[in-house]
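Shared chain: chain A. Partners: chain B in the first complex, chain C in the second.
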Partner chain A sequence: MTATDGGLALGGAGAADPAGGAGGSRVTARSRALPLRMVLALAKAEAWLLVRSMLVLAGLVAGGLLIWLLLHPVQPLWWNAAWEIGAGQFAVAIAVLVAAQLAAGRADRDGMVDLYASFPATAGNRTIAHLTGLAGAVPASLLLLGAAAAVVDLRGAIGTPSSAVLAGGLLLVIAAGAAGIAIGRRFPHPMAGLIGALALFLSSTLFQGGSIWLLPWEIKHDDLSELPGPLAGYPPAGAHAAELASIAVLGGVVALLVTVNRGRARVGLATACILAVAVIGLAGAAQLRPIPTTELNHLMAEVADPASAQRCTTADQVRYCLYPGFGRDLPSLEAPVNGVLAHLPARPDQLLTIRQFVPIDFTQPALIDPTLTHGHPKRQIDQWYAQLQKAPFANAAASAIYLPVGQWPAAGAPLADAHFALALGAAEWAVHLPPTTSSRSGFQSCVAVDQAREAIAIWLAILATHPPAGQLQDGLHSPRSSHAIQATWVRNTLIPIWVYPRARYLASSGPPITAAGYMLAKGMTNLPEQKVARVLKGNWGRWVNWRTTDAQLAAALGIPTPSLRAVLRTLHPRGAGPTAPPPSNEQSPLCTT
Partner chain B sequence: MSMNEHTEAIRVDGVSRRYGATRALDEVGLTLERGITGLLGPNGAGKTTLLSILATVNEPDAGRVSVFGLDPCDGAERVEIRRRLGYLPQELGYHRHFTVAAFLDYVAILKEITDRRRRAEEVARVLAAIGLERYARKRIRALSGGMRQRLGIAQALLGNPDLLVLDEPTAGLDPEQRLRFRELLSDLPRDPVILLSTHQADDIAAICPNVIVLLEGQVRFAGSPSGLAAAAGGQVWSADDRDHRAHLSWRGGDGRWRHVGDRPPAGAALVAPTVEDGYLMLSHAAGVR
Partner chain C sequence: MTPPSTDIARAEGATPAPGRPIRHARRHRLAWLRALPLLARHITRTMPWVTLLVGCLAGTIYLTIMAHVAGTSHTPLGQSSVRLAFLSAVAALAFVPRAWFRPVTQATPVPAWVAPVGHILLAAPVLAVTCWTQLRLMAHTIPPDPPGYAPAIYPLIAQLTGWCLLAVAAAACADRSRYADLGGAIAAPVSFAALALAWYAPVTARFLVEPPATTRGVTIAWYAIATAALALTCAVMRDHWHRYTRDRHRLSSPTAAHLLK
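Moving on to the complex of A and B:
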């Protein structure tokens, strides 16, 4: 051993060629090239970690629940369901963002920076591997997409799925993962990922109106579920997908900018960054463009004059008018109506029309869905408003039942409810109960107080669909409280109301039903069906007359008039006397036709 | 310098490194060849800084470093050095939620062992070498401190590196594990360059043919352990009573006092110095306490 300049040298016999025979100054071509195999192997490892991540699994479950919550209450329509499936991926996206941030910041957080710095895999290469490893989030996203699509399809979805829209959900997950990596490379603390996820969540819930187009994860596509078909180019799925892809690119570029130090590479990355921002801006602008006037004109025409678009089928004095594509609902609509017709002693002269309508709120121009009319001048919106006043639903007729588009359930308890609601509507038509009428100030309903035909209608609907007795009884209680009941003032008398949960499935086709009417109908169901049918058939004209009272019907059937004492006790608790009636113009009218 | 250019594996010329006002390394110069070199020095002597520079993690403020003829300041050459390097930092964290095998597999990828079968063999090899085969599927958070240290050594051994830089590898190991570690280093194939820093002078005496003493950022000794021990020759003696002229004294198991100092009394019973004695005399001469 001898000293070198300013130090010492170690020597020893048998020292091998230190450069392994390679010569000291040589650098292989491998050194300068991107070590592709290493990056791919590392990406595979990261992808596998992501696949097995409990966070992603939790996101998958939450996404499934979210999609179920979004789609369960409404009829599966592909032009809406595809977006909702994409929105459900939001939960997976949040989970992937957090998981990716944790993965990207792992070395810093675990105190392994020095060790990692000694590896041939540079920070930039590791970032590329992390970004490529986002492929590990794809199976979760595709699994959710496939499962949701299969369920929607099994429920008999109407329309066809758009692959561009469905792909948006996958891109959302990738974009969130890239953002997570960008955050993790700069801020390894676990809170950074959670804050990022929170920001993503808040951005999706805080911004409304026009800004929804700039936010790809916007989940307010409620209006789509009420349209009779897809609107061409609305929402613009291509621009949406381009925006999400650009956000993914931007996230990746920012992550690389944090880790790459070479000047030329940084210039390239900065250029990519600018391009990604430009595409995001352009895609956002494309999405902010108003829906073409011709498209909306077409929609408004279909709403105002459904006959121009709907296909009608007449069977057994009932006419069913449905928008194209909804024909598969016909058997489900016919079943409860035919059930009522089968028990009817005599049919009305008038044809019953059961018609779909688009439940766009047309009572005030300002309430026209802003996501539909966004960007259009007020004059044009006023024009559509005036056009919608001609819609049949705005001028209800006794012989029509209106079904809101997209609300007819596919199966299960909601379908049973819908069947009862439709049967009740048909029965009301059969006993000549007048429909709810509308005016510019809203709906006005008469009440069939102490009219036997009301109880007959309920009895017919019960016979046709056999709803659970408990559920019928629940109609006496206010949905807000199991002890309170609903009531309305008629001719200065507070009348307890029976409300069956039908509002979701039918536009109001008849008047509110009194608790007394329900109680009598309940008593009728305790009698043999033939006995009631015989009594009704004997004098049908009398029973459907509005002057025939509950007491007369009860007497004819040989049952006592149901007592409303218990119901009224709930309405007027001890010590609290009845309140003063409101002015007559604020009271419901009595049905007298 | 009389070193043959073709046999030196690592060359450090006038390397300095500062951290603010603190000078961690002060014009350090040395060369290393294949075989084990021990690096001794007190805390704060600059050992970790020197090792991190050789591991290409840190860059010197001044001076030059050559590793196998490659310049760590050049990006491509630095990568080439890293391909031949195994490094155990002093304070290594771990991905505690990984299993032992998964962690080693991950590190093997970072070391560019991309072939899956080769990687599996390599992981199995190093696990066997450090005696952790039974714990391959255990999560790192479930391992004891000593096991984690062995895992740290295992990751450094992945890929049979030509240069092993080990910063206090025996810290936390029990006596048997330390002996096994010595055996492990002795059995390494390809006769790599090994530089290990330690506070255990007996480790150095046992396995290092070469030793460097770093004091206050400067190399104060480079040579064989016997040479380092010889630095205390004639300055270690034993006596029945404590001698306050000695720099350091302690009573041995036999009840006699062992003294290390510049001036043994006349007629003192001199004893053979150890590496520790030599290191003590060097640090005393440098004014380090």
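Moving on to the complex of A and C:
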């Protein structure tokens, strides 16, 4: 008895000859049921092989790592996180493609064709079993999806996950597996699977502009993490799911077409193939549709006029303006600012505004993800650009701190860094230094050389957030080398700069901090807090004056003026390069306000 | 086929035949070198040319398309595109060092590693031509007077050399494992995983990725990796034994214990 005796069996190139002529009238119920049972048994075996495939397990690990790398530096926002989880599924999909190709090509590899042809299962049945066995890849995909979703949720993600986007990741894994089987049935050499995986990986770099959405596995070109909320049609998740499902069907049909040689079956498969291609075309057309104008109008209004969308809260002369949904960040923002305010002898008259803004640079069209405005008339796009020129950060105020949407970390060391960055911004406002400098808005990045208020600002920020001393000390070195420092020219003098991690969390930091200012602040932290507070409170107006020097503050505190010589002896300035100063218009100005 | 010797080799324990010269048939260690001319044809014929050429051509075709896209969008190709395009050649190289019928070849006077090494040597010029072609394609998209300095090529060559030798080492290791029949299908993903880890892990990226590493540092680091990979390949290829892991629990089962008694 062979599998081809049954009516359900698909004749294949590798099928054994039917025993006994296989007349339809003589087929018994048992023989009819046998191919189905055989396919199911084979599918079970193939699924189990896929479940324990080292490649799939490695893909699972790689997918998890990829998701972690993509998500851990940014704020967990569901409209971005669901897409990044799909990026992790892409790694699983590549592994499944290779594993499925190896499995499907097993019979034709290493001269095993005759052996497999002698088995009861036909090539067609084996292909169906391989396709059904793709269920073995589903646990890995679901495990990755569930674990990633749980982690994102535990980190306090904002928004709600899109089931269509998450389902797209699962469909991507199945589609890649079906493609691997199709490749393996035609090209059994293992290299074919690797080429297929590389083609899948590299294909996303071939398309540009709006057509990038034709590849649902595209993982790079998007600004989702910087949007204040989900945007309908960005990405086109429903069409993506439809396209991936159709690709899975197409892969399966092609795999069967390669192996089945019966005329009627081939006609049916060809019809299914055409239908799948048609659905892919329709899904592609749906993906190329531009994002609805109303949605983009809403987004542009949110960016250009945040006050219309943001909710503001004022407390202790500080105004916090956040987009809807980001209200849960408020306590995390207030903590470092309140820490600074608690140590202030006197507060400035001017209100400090801490405001979120969308960091996509809409004023430079070349920097925008083209899929955002794809398909819209140029006049409409120009109108949006003109509208965005009024965006708050483009006209940044000196007494405001701008927080890029999606950059505020959830926990851990990045949150501690962000707290210090915000505390320093608030402290700079408190000592009358601009907490924000933006070259675009005309604020020049001045340097508070030999000004006591700079050291006071650093001291306040350190008191408010208590960052690790080692990390602060590392700010003296260049991030490129532990034996170099950064420096800038001010009034023909090379000034060493203290660098610390705040640029990632604030849209624009305040003036560059001098290394001398940091050294003095470090000396201040070694003194009793009450002693420093008493000295500052005694003559606050004098200390925040830009003419008061580091030496004067050090003398008042009874500590020696910090010397940079010890530091500079082991380091060499980096960035300034030449020993001769550049022209005065290329040097940083002194902060004199 | 080795021609029959006129001398009679003295087997251990055998008595010498009377009237015949007795010479100890100690074969010179490098006697197998005489068989190399005969082996050259065999090595050339068993070389996986199709796999290698498909891998090299696939990357080059991809880069050609990218160069066309770059030409229409007036955006020059960068070294990252060459790196991506070269991945398929690296994948193909992972299928090259394969010792077919090792149990048989190990029994012959010629060392088993001669054929894989011959294959690798044959693959080297193909890879060099591929690299040169891809670099030419990249250079073709760069305008004659680019603003600023063009990045140096020699770190990229060092990097690609390191990638190739890593893939060869992985393939040699896979060939001595239970996955020998799949060869490159295992070695290539392992190589890619190692490369991805080296590229993205902050600890290794400090030395292997430019920036933060310097041009000279990257070059030295990748050539050091290439040397280490070459040493590993040599050690693995000279190893005579399969290194399959055995399940101790299975061995300690009653049946196994009974058999071992």
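The definition used in the following text is that the second predicted complex is superposed on the first by the 516 of 593 C-alpha atoms of A that agree within 3 Å, B and C clash if a C-alpha of one lies under 4 Å from a C-alpha of the other, contacts with A are read in each partner's own complex, and residues count from 1 in each chain.
Everything that follows uses one rule, which is that contacts are C-beta pairs under 8 Å (C-beta built on N, C-alpha and C of every residue); 3 or more make two chains touch, one makes a residue touch a chain.
Remember, it's a predicted structure, so these values are computed and weren't measured experimentally.
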| item | value |
| --- | --- |
| First, second, both or neither for A:Ala45, with chain B first and chain C second | first |
| Chain B versus chain C as contact partner of A:Arg262, first or second or both or neither | first |
| Dominant toucher of chain A (residue count), chain B or chain C | B |
| First, second, both or neither for A:Asp110, with chain B first and chain C second | both |
| Partner chain in contact with A:Met191 - chain B first, chain C second, else both or neither | second |
| Touching both chain B and chain C, residues of chain A | 110 |
| Footprint of chain C on chain A - complex, ascending | 54-55, 58, 62, 69, 95, 98, 102, 110, 189-191, 193-195, 198-199, 202, 205-206, 208, 479-480 |
| Residue numbers on chain B that touch chain A, as the complex places them | 1-4, 6-14, 27-35, 37, 52, 55-57, 66, 68-70, 74-77, 79-80, 82-85, 87-89, 91-96, 105-107, 109-112, 114, 116, 155, 162, 165, 191, 193, 209-210, 212, 219, 221-224, 227 |
| Parts of chain C lying in touch with chain A, wherever the complex brings them together | 51, 54-55, 58, 62, 65-66, 69, 73, 81, 84-85, 87-88, 91-92, 95, 181-186, 188-189, 193, 196, 200, 211-212 |
| Chain B-facing residues of chain A, complex | 1-12, 14-20, 22-28, 31-32, 35, 37-38, 40-42, 45, 106, 110-112, 114-122, 126, 262 |
